[in-house]
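Lettered A, B, C and D in written order, each chain numbered from 1.
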Amino acid sequence: MDAIITVENLQAFYVLEVMGERKVIKAVNGVDFAVLRDEVYGIAGESGCGKTTLLKAIFAALEPPLRIFEGKVYYYPNGERVDAFSLAGEARRKLRWTYISYIPQGSMSVFNPVKRLRITFLDFLKSHVGGKREEELLTLAREHLVRLGLTPQVLNGYPHQLSGGMRQRVAIALATLLKPRVILADEPTTALDVVAQRAVLQLLRDVQKEFRSTIIVVTHDMGIHAQITDRMAIMYAGRIVEEGLTKDIFARPLHPYTRYLIQSLPKVGDKNTKESAPGSPPSLLYLPPGCSFHPRCSEVMEHCVQEIPPLKKINESHWVACWMREG
Amino acid sequence: MNMKWFWAIVIGCLFISGVAFAQLPAGIPREETLIADQLSGRVGTPGNFNLWAGWRWQDRGIQQLLLEPLWTVDYATGEIIPGLASGMPEYNEDFTQMTIRLRQGVYWSDGVPLTADDVVYTIDLHVRNAELPYHGPMAEFVEKVEKIDDYTVSVHLKRANSRFHSHFLDRWGCLRIMPKHVFEKVDNPITYEFNPPVGCGPYVLYDYDPAGFWTLWERREDWDRTPTGMLYGKPQPKYVIIQGFESEEARILAQLRHELDMAQHTPEGLKVVLEKSDTVRAWRREWPWVVNIDPCITGIMFNNLVEPYNNREVRWALTLAIDIVEYMAIAFDSMAPVSPIHLPPVPAYKEAFFTPLEEWLKGFTLDLGNGETFQPYDPEVPFKIAESAKKRGYPVPEDPAMIRDLFGMGWWKYAPEVAEKLLKKNGFSRGEDGKWRLPDGSPWKIDIVADVNVASHPLRNATAAAEQWRKFGIEVTVSPTEARETMILKGEFAVCDQWPAAEPWGAGVDLSRTFDPWHSRLLTPIGKSVALGPGGAARWCDPRLDQIIGEMEVTDPFTAVERTKQLGIEALKILIQEMPTIPTYGYCGAVAWDEYYWTNWPGAENPYTQPYQHWPNLKYMLPFLKSQKK
Amino acid sequence: MEALRELFRDYRFAVGFVFLVLLAALAFLSFFSPYDPVRWLQVPRDEPPSWKHILGTNAKGQDVFWEATFAIRNSLVVALIAGLVSRVVAVLVGFLAGYKGGVVDRVLMGVADGLLVIPLFLILVLVAMLLREAMTIVNTGLLLAFFGWAWDARTIRAQILSLREREFTQTSLLSGNSTLSLVSKEYVPFTIPLIFSTLISNIAWAIGMEIVLAILGLVRLEIPTLGTMLQWAITRQAMLLGHWWWIATPLALTVILLVALYWLSVSVSEYLDPRMRIQRIGAR
Amino acid sequence: MRFVRDYLIPRLVQYVLVIFFGITAVFLIPRFTGQDPVLEIIAQIQTQGGSLDPIAVRKLTETLQELYGLRGTLWEQYVNMWRRVFHLDFGPSLFQFPTPVSELLRIYLPWTIGLFATSTLLAWLLGNVLGGIAGYFSSQSWSKILDAVIMVIRPVPHYIFGVLLLILFAYVWALFPAGGLMLGRRTVVDLRFVMIILRYSFLPALTLVVLGGAGWFQQMKLLVQNVRREDFVQYAQAGGVKERVIISRYVMRNAMLPQITQLALVLGQVFSGVLMVEMVFSYPGMGLLLYRAVTRGDYNLVMGIAILSIFTITTAVLLLDLLYPLLDPRIRHR
């Protein structure tokens, strides 16, 4: 197995002190998976299920109140295994953008609003590429944009002068500037219109082909997963409830939650109202006992209320955490 | 890192410079310099020394060091000191001609001799030029001024005036003699800046702050050709700096750092410097320290044109509602001498007026109506104040003579019940709440227009009076306002904290200066400005007083001493009967002298001259100072 | 009041609030004072703190503790009048200018700018001189209110401008709601935290300004406020004479009051910041 | 040219109107206080114990009123005032007669610029830089301690803070003068001259910088704490952009924007603090000059200073409005 990121029993919680009372939000609560080289891996789930936190943990961007309680995240730069959390500050900073990079959720405000984009690109480049003059770095940035099919003129503008779709594509260009091995994309198409969405997805696909990078896409939108991911995981209340090849999951969803997600997708010619899971995700502060999904599950059993179902292997590439699949 | 170094260097430089450079301008040795505080504060016209044209912050050294008047009053010794004049003025029989004889051998600081021509020029110019402040009296009285010889001038007056010389008698200002050779070359004596200034005093201008905080004077090489040098010898300090401070804290600290030799603080400030410094002394070496011979009386002023203060009995009722012992504790921490009459208790006046009046005061009776009478004078007041000060923990002397010296001769009794009778007799009444009502039934409210400076004597009086009258059941507010001066001069007040009477000369027996503002011809309606705030703003007059003032104008204060004195006593009796303003206590200057560089100050034990640094007489103190070469 | 409950989760808001309550309690105590705050020589003078006079006595013969209760009461009244009255003006002007725009906006903001560029202090001194004995607690507050609204009116206007751009204004107007109901239902809730935060800084400004006026002797000096207490202590040289209790009391009260207000204002500002809010909501 | 028609011209009209109304207000209000500058002068002489004959005083009053140009109706004086404004001649100071107002401004302005302008700018810079850094590292303990210290210092009145500094550094450790700058007409401008001025101005400047800076510090800290959570900052951090660059170019640069607007407006509101400092340290400056002018009814001087101040601030605000888009590219003129 040629893993590029492995996550082992990760528990990342937000710890808040409120009026002397300690409150723990279990955003990522025991997650295991591995992402392979040269694949597009998707993480799906409604908002508030912990998927953005999971991305942050993978990126090792741990700002209080987010804390890692257990588990590890490993990177594999140059083939050797590195513990992402125990990396020293400078070493981690160096791996950023060269090994692992990040496309933010909604590019609306990810660029310094008072500086031309050129400056922002240079800031990122200068922090990772030593010994080069400014013009050389600028040439590098221009070439990169051209390779991604974008006009280098955007560098002379201010972020607010770009359209939303364009800005998102520039953000992708910025994230991939140093040809990172892994690219984390957090809701890359949210808040974009359909045309822009398509362009952005195309660009992601191009990047993946061009640089043979691994991309981890996080989005609640199952349509995007269907379009670009090779493998995917479904998260619910801080846990992975199902993982498998994208085509398998869409063809044969095993977890009731996955089925809800898929059914909520609009289908061409379908005039019926979409059926979504009743209710909303539970508060991560007060998780229901047993399977977190049981209050919303139409097939709930007595057992579901008492015990948390483990992630069970169904076949070589398909895993699920549901008591219905037990035995 | 760069920033750190930058700051280290800046701070380092500041420290080093602090060690390397003293406070004074280059070339001025501290031990030969006297530094005195400027009472009137920062000079507003730093480059202009022409005090003939108007107010020029004259106590920046112009009057103390640069200029010499014909005569100067010293209230501490009770003398009149002839400066440019060689003796007292001489009047003819009917007071229509005055002769001035000049001291010979006096030179202006630019080397030109002083002669009768300067005096003639000065008076002549003032008669002719209507823009000069002293034009009024000169034009009114002078018919002709003529030079008899180089050192004799004769002034012919339009009508009899036995006090014409007082316009040349320096008591914090007078018409001083101008250097003719300087002014005759000037087109307009009003706009002329008189810089560099020329004078007959023992010092000349050396330098000054363009922003007006200080003026530096240098002793004349030919100090022996000035009246000061001739009279008292060589002034000891080679340099004198007169410096203004904007805050009392800065002044206190400057004195504690030995950067200020003579200062006038508040009594609290004086306590601080005495407590914190081993070398600072006050006028009196023991408690209560302050100068209590100042020729100024403080108190409360009524506007005698305003109801109900136009009523003598109301004014007396308010006087008797004051418990003077408490009043003094509030106003000045029991440190000042009280005065029942409209005169400050300076030595000369105690002898000439207080003592002769005392028997009369004891017998003085108020008519309360219904055949009731009341004798308000209380000679025990100084002893009561001494008792209260002792309770406060002050070291009060036991000697009765000393107690009367420190706390005054006596004051009016605290007699609220008598005050009540007087008020009820006049239709006042007490409401249900015990508060006083005016005769028309409305609540009696007194608003005392007051000084904004909490440390000043006026506001101290206002505060104490308000406190006493509140206790008596009147609603009193104190309104400190920067517009106080204007309001008082224009009469836009009912009660205020202005001096209750104009300051007398402080020497001799002539009290005309105090009584003149109350002549009926000067009575000014409300809304128009009176000529003189102290005393005059009370807008009161009395035909009996008019008569006395008229008689004084034709009585020579130098020759007819006994008559002058008698007239003064009669006038004071009228004031007491009428009580147009309430005199409370004599102004006290909290003078502090640092004995670090200079000693032999004119303290209470050796009052060879008046003690203030801002009075023109400073020049007569300087020859007596002893240097403590450090 | 969901907002309040959330704010109380912040220790700074809670502590600031408790400080304020304590100061208010102190002010309330003044009603039970055994001494008349205006009168002199009520107790022995210049005594250091003791059981009998827990904060000592001053040179006027007043008990510093009881004097302080009146001072804090009067200062709070000045500050509250200044703060609340100027809030009414600032909110009206801000809403009107922001909502109406155009000429109304130009004129109102012109007036506000005019007030901002005139050396305010000059006007305050002049008016204080005019009012003289009328410089009572209430009038001092009103005077400060009159000059304290301009900056905040600008801030509120800016907020309204940004709200106007938002979607719900259009929707609300299209769906036939009246302007009044729009303003009261949609704008007011959004601007209340902002108004509160400007109120707090305005109160702090008013307290400071009252002290300046008092030190210059431009208010009625016999009425105890934090400013006049400081003024008497300064002019009677409490600091250099070592009567620290006299000057330290009003100073400490001023500092405590302003620290409490600062904490409230910081807390409210953070609360206003949407990102912080999400974090708090997450904790629900 | 839409910019000129729709923005520049209305803005200029507003500028002129604000100046016009400001000056008119400053002309009118002093005349309602009932302060008579002539009487103030006379009272000054009398209160100090000066001797002035009653006849002399009456004559003097009339002469001075003539000289001061206080005769004539309010309207005539008003028209006259504008004529003077356009000739940049404010007449003589009434209380410091006959010194011309322009002469006083010439003497005091350099001091005010030297102390007040410098320390205001320094306070602004230091407050913002420190506040920015403390806000960025707000979870560090030194930042919390600094915040607490500043929180306690800031409410201390200028007068008391100044006196405390005086006691500490001019008495307990006599490092600095207690006041009284001994530089006269004879002084030559050399290194010593500069050192003396620096030493003399240090404590007043320190008071203004500390108390002024404390305010900027608190505001900036708050702003930075907000900006720090902005996406672009977090993204730059995620991207491994060097921290120094993030603090200066991302956080401070953005948080600074509202502070710049404030700086222009705050210029008009600081007379009170400066006045207190000038009082404590006996420092020559416009604050004291203005205060004395106001309290003595010196209309000419009040007008001179107020016009100067209104003009400076209004122009500063106008310039800022026009230049602001350069600082913040998102803002375009309406």
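Criterion: a contact is a pair of C-beta atoms (placed from the backbone, for glycine too) under 8 Å apart; a residue touches a chain by one contact, two chains touch by 3 or more.
Computed from a prediction, not measured in an experiment: that's the story for all the values here.
Student: Quick check for you: compute each chain's CA centroid and the global CA centroid, then name the chain with the smallest gap between them.
Tutor: D
Student: Please state which pair of chains has more C-beta contact pairs than any other pair.
Tutor: Answer by contact count: the chains B-D.
Student: Farthest from subunit A by Cα centre, which chain is it? Let me know.
Tutor: Centre of mass proxy via C-alpha means gives B as farthest from subunit A.
Student: With chain centres taken as the means of their Cα atoms, state the distance from subunit B to subunit C in Å.
Tutor: 44
Student: Could you state the distance in Å from the CA-based centre of subunit A to that of subunit B?
Tutor: Those two chain centres are 88 Å apart.
Student: I'd like to verify one number: the distance from the centre of subunit C to the centre of subunit D, where each centre is the average of its C-alpha atoms, in whole angstrom.
Tutor: Each chain reduced to its C-alpha mean, subunit C and subunit D end up 23 Å apart.
Student: Using mean CA coordinates as chain centres, what's the subunit A-subunit C distance in Å?
Tutor: 48
Student: Counting only residues that touch at least two other chains, what does the list for subunit A look like?
Tutor: Nothing qualifies.
Student: Residues touching two or more other chains, restricted to subunit D: which are they?
Tutor: Expected reply: 33-35, 163, 167, 294-295.
Student: Two or more other chains touching the same residue: where does that happen in subunit B?
Tutor: Residues 249, 482-483 of subunit B each touch two or more of the other chains.
Student: In the complex, go through subunit A and note every residue touching subunit D.
Tutor: Against subunit D, the touching part of subunit A is residues 59, 61, 64, 92-94, 96-97, 101-102, 104, 106, 108-115, 119-120, 123-124, 126-128, 158, 160, 174-175.
Student: Where on subunit B is subunit D touching in the complex?
Tutor: 10, 13-15, 17-18, 21, 23-26, 39-40, 42, 44-48, 53-55, 58-59, 130-131, 133-137, 140, 166-167, 169, 171-174, 190-191, 206-214, 216, 243-247, 249-250, 253-254, 256-257, 259, 295-296, 482-483, 485-490, 492, 503, 513, 516-517, 522, 529, 531-534, 536, 614
Student: For the complex, which residues does subunit C have touching subunit B?
Tutor: Residues in contact with subunit B: 38-41, 45, 59-61, 125, 129, 132-133, 135, 216-218, 220-222, 231-232, 235-237, 239-241.
Student: Mind listing the subunit D positions that touch subunit A in their complex?
Tutor: Where subunit D meets subunit A, its residues are 139, 230-232, 235-242, 245, 249-250, 253-254, 257, 327-330.
Student: Hey, which residues of subunit C end up touching subunit D in the complex?
Tutor: Touch list, subunit C to subunit D: 106, 110, 113-114, 116-123, 125-127, 129-130, 151, 204, 207-209, 211-212, 215-216, 230, 234, 239-240, 247, 251, 254-255, 257-259, 262, 266, 269-270, 273, 275-276.
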